[in-house]
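Each of the next two complexes has chain A plus one more chain, namely chain B in the first and chain C in the second.
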Partner chain A sequence: MDALIQLIFFLTLLTLGYVFGKIAEKKHYRSIIEREKQWMQIPTTSGRRVLGTDREVKRVQLATGSVVISVDYFKRILAGLRNIFGGNVQSYETLVDRARREAVLRMKESCPQADQIINLRLETASISKGNKNQIGSVEVLAYGTAVYLYPASTAATSP
Partner chain B sequence: MHPSSEYRPGLPEQNDNVSHNHPLKEFAVLLSGVTAFLLLAAWSLGLLVDWAASFISPEMEAVIFSSMRFSGAALFVQQKDDPRRAELQRLVDELGRCNEVGYPLQVNMAQSKDANAFAFPGGRIIVLEGLLDTMRSENGLSFVLAHEMAHFKHRDHLRGMGRGLVFTALSALLTGAGSDITQLVAPALGVGQARYSQEREALADKLALETLHCFYGHVGGATEFFEAMQEESGKQGRGIGGYFASHPEAVQRIDALRSLAAASGFTVRETFRLSTVLVPDTSSQ
Partner chain C sequence: MLLTNTEEIPGKRITAFYGVVSGSTVRAKHAGRDIMAGFKNIFGGELKGYTELLQESRDEAIKRMKAQARQLGANAVVNVRFSTSSVAAGAAEIYVYGTAVTVE
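After this line comes the complex of A and B, so read on.
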């Protein structure tokens, strides 16, 4: 009987995790896609040099954006089951994908006037370390060099 | 618009970094895999336990469990001189003529308000005092004792212990993999365990009924204990909890005993009153 009560409790958590996790994920992806379109105009590369331009560099600045995202209960259980059999932990894929894209977006949003962002780097950290099975969260930090250019001296050079 | 001709703004048409399989499907496949594996493991290990139990002779069992101390053992020792204990022992010894267990059984009593009796490894029957308050006839008490003796005859106490070990080991295995999954799969194991236990109880009831018929020449009083249990628990059924219970429901056991008695042609006659030694003395308490 105890096992049954535990099961009901567990299934409730699982259902709540699934439903609310799904809603949160859908909402987040909608926001990510919309903002990615909006910020697409800032060229962002992992290269070390400023993308070819005849304009002079006015100043550079460190730009960072970071985000912490947690998985829902359902995904955590699914990953736990996957742990037994091995293979792709598909339930965590959206977690890190959302975190990476959100971090880059936040970085761009931190320097809306920049002409370019170069030297983009991404770092990932797990928040759950040392607290096994309690929290499954990931932090992604995106950082790069925001480059501000002088206005073009002659508009004709620009295509 | 852009300062650089190297850069063409654009977004990928589809996200290749995430899988598009339905997570519920993955969940169902993985969970049924784990459950199937565990049920198979529990089932085959259970058969191994049964097989091993048949190899443990009464002598070996006595050696293994003689050093074992049950919790509350001091209570039993204090009651060594209890006349009730001697009377119960006499009853068990006499019932042994009809149901040869194969090794000496020792009856002990334990202080408890609950009406119950247990079969412990090492040939020990523990009778809770509450049982004597509940039973009205000697036949009814004999049935309960014969039921515990049947557990010894069937080696159910060893099987039960072995299966308990298997259950604990499998649970530990799961806990190692992630304690949340234990909660999900444990009920399946629990239902399997309960089914087996109920089956063994029914078999013990059957042998106890035969013992009762052999001893008294009729099966009057066989259902007395279960009727008392049913009265106590009330009329409502156990619902879904019944699937997890180690014993069948009292009403089911009564029905099973009646149909069994009818099928075997056992009759029901007048029962003996409980020996005066066993009747609780209310004036001294």
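After this line comes the complex of A and C, so read on.
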């Protein structure tokens, strides 16, 4: 009887994780894609130079954005099974993809007036690593230099 | 205090170097956040409590680095890098370092 209750509990968690996890992921991806379109106006590069422009730089500023996202119960079990057979762990692939894109978006949202962001760097932290109850989560910190340019009209007079 | 993570500041000239300055912080989450994270762990999604924790520790580390740079008489820090490590389970260590400089 005890084993049966445990099994039911486990299956309930699995279904809850599957249903809500799926909904949450879909919703998140929709919001990411929409916001990425919206923030296309701020070009971002991992290079060190200001992207092709002859406008002069007004000021620069460090911009940061961070996010912690966790995976749902169903996917965690699935990833555990994957460990036996090897291969792509797709449930974690979408997790890190979402986290990175979200962190970059938050960085852009922290400086809406910027013209460009250069020298983008991504760093992952680990708050929950080594936790006994095994929280499968990823923590991403995105940072870069936000560049504010003078309007084009002043640059035209300088050469 | 000007911060960038590029070697030089576009449009400005560096006049003096003061060497490396750094700031670090180790911050633990409280039990309430942990319990919420446990729930979220079933459904998946963003762990807001942990995001806040990360943000707070980042701001604290930057603040300490700025204080050190100010003490040296610098007015900017270039080449800023963030680094993370896990000293203890459930705690976030954020380390930020850069080169203190004077710009005109």
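Going forward, the second predicted complex is superposed on the first by the 148 of 159 C-alpha atoms of A that agree within 3 Å, B and C clash if a C-alpha of one lies under 4 Å from a C-alpha of the other, contacts with A are read in each partner's own complex, and residues count from 1 in each chain.
What we mean here is this: a contact is a pair of C-beta atoms (placed from the backbone, for glycine too) under 8 Å apart; a residue touches a chain by one contact, two chains touch by 3 or more.
What you see is a predicted model, and the numbers here were worked out from it, not measured in a lab.
A.B. asks: In the superposition on chain A, see if there is space for chain B and chain C together, and answer fit or clash.
C.D. replies: Here chain B and chain C can both sit on chain A without a clash.
A.B. asks: With the two complexes superposed on chain A, say which partner A:Gly80 touches: chain B (first), chain C (second), both, or neither.
C.D. replies: A:Gly80 sits against chain B, while chain C stays out of touch.
A.B. asks: Check whether A:Gly52 is in contact with chain B, with chain C, with both or with neither, and answer first, second, both or neither.
C.D. replies: In the superposed model, A:Gly52 contacts chain B only, not chain C.
A.B. asks: Look at A:Gly144 in the shared chain and tell me whether it touches chain B only, chain C only, both, or neither; answer first, second, both or neither.
C.D. replies: In the superposition, A:Gly144 contacts chain C only.
A.B. asks: For the overlay on chain A, what angle lies at chain A between chain B and chain C, C-alpha centres, nearest 10°?
C.D. replies: 110
A.B. asks: Look across chain B and chain C in the superposition and give the shortest C-alpha distance you find, in Å.
C.D. replies: 13
A.B. asks: Show which residues of chain A both chain B and chain C reach, each in its own complex.
C.D. replies: Common interface on chain A, chain B vs chain C: 75-76, 133.
A.B. asks: Give every residue of chain C touching chain A within the complex, in rising order.
C.D. replies: Interface residues on chain C, with respect to chain A: 2-7, 9-11, 29, 37-38, 40-47, 50-51, 53-55, 58, 62, 80-86, 88-92, 94.
A.B. asks: Enumerate the contact residues on chain A facing chain C in the complex.
C.D. replies: Contact set of chain A toward chain C: 13, 16-17, 20-21, 24-25, 28, 48, 50, 56-62, 64, 66-73, 75-76, 102, 118-119, 121, 123-133, 135-137, 139, 141, 143-145, 147.
A.B. asks: Could you please specify the touching residues of chain B with respect to chain A in the complex?
C.D. replies: Chain B reaches chain A through residues 1-7, 9-11, 15, 17-19, 21, 23-24, 26-27, 30-31, 33-34, 177-181, 183-184, 186-187, 190, 240-241, 244-245.
A.B. asks: Which chain A residues qualify as touching chain B in the complex?
C.D. replies: 1, 3-4, 6-7, 9-10, 18, 33, 36-37, 40-41, 43, 45, 51-53, 55, 74-78, 80-85, 88, 90-91, 93-94, 97, 115-116, 133, 149, 152, 158-159
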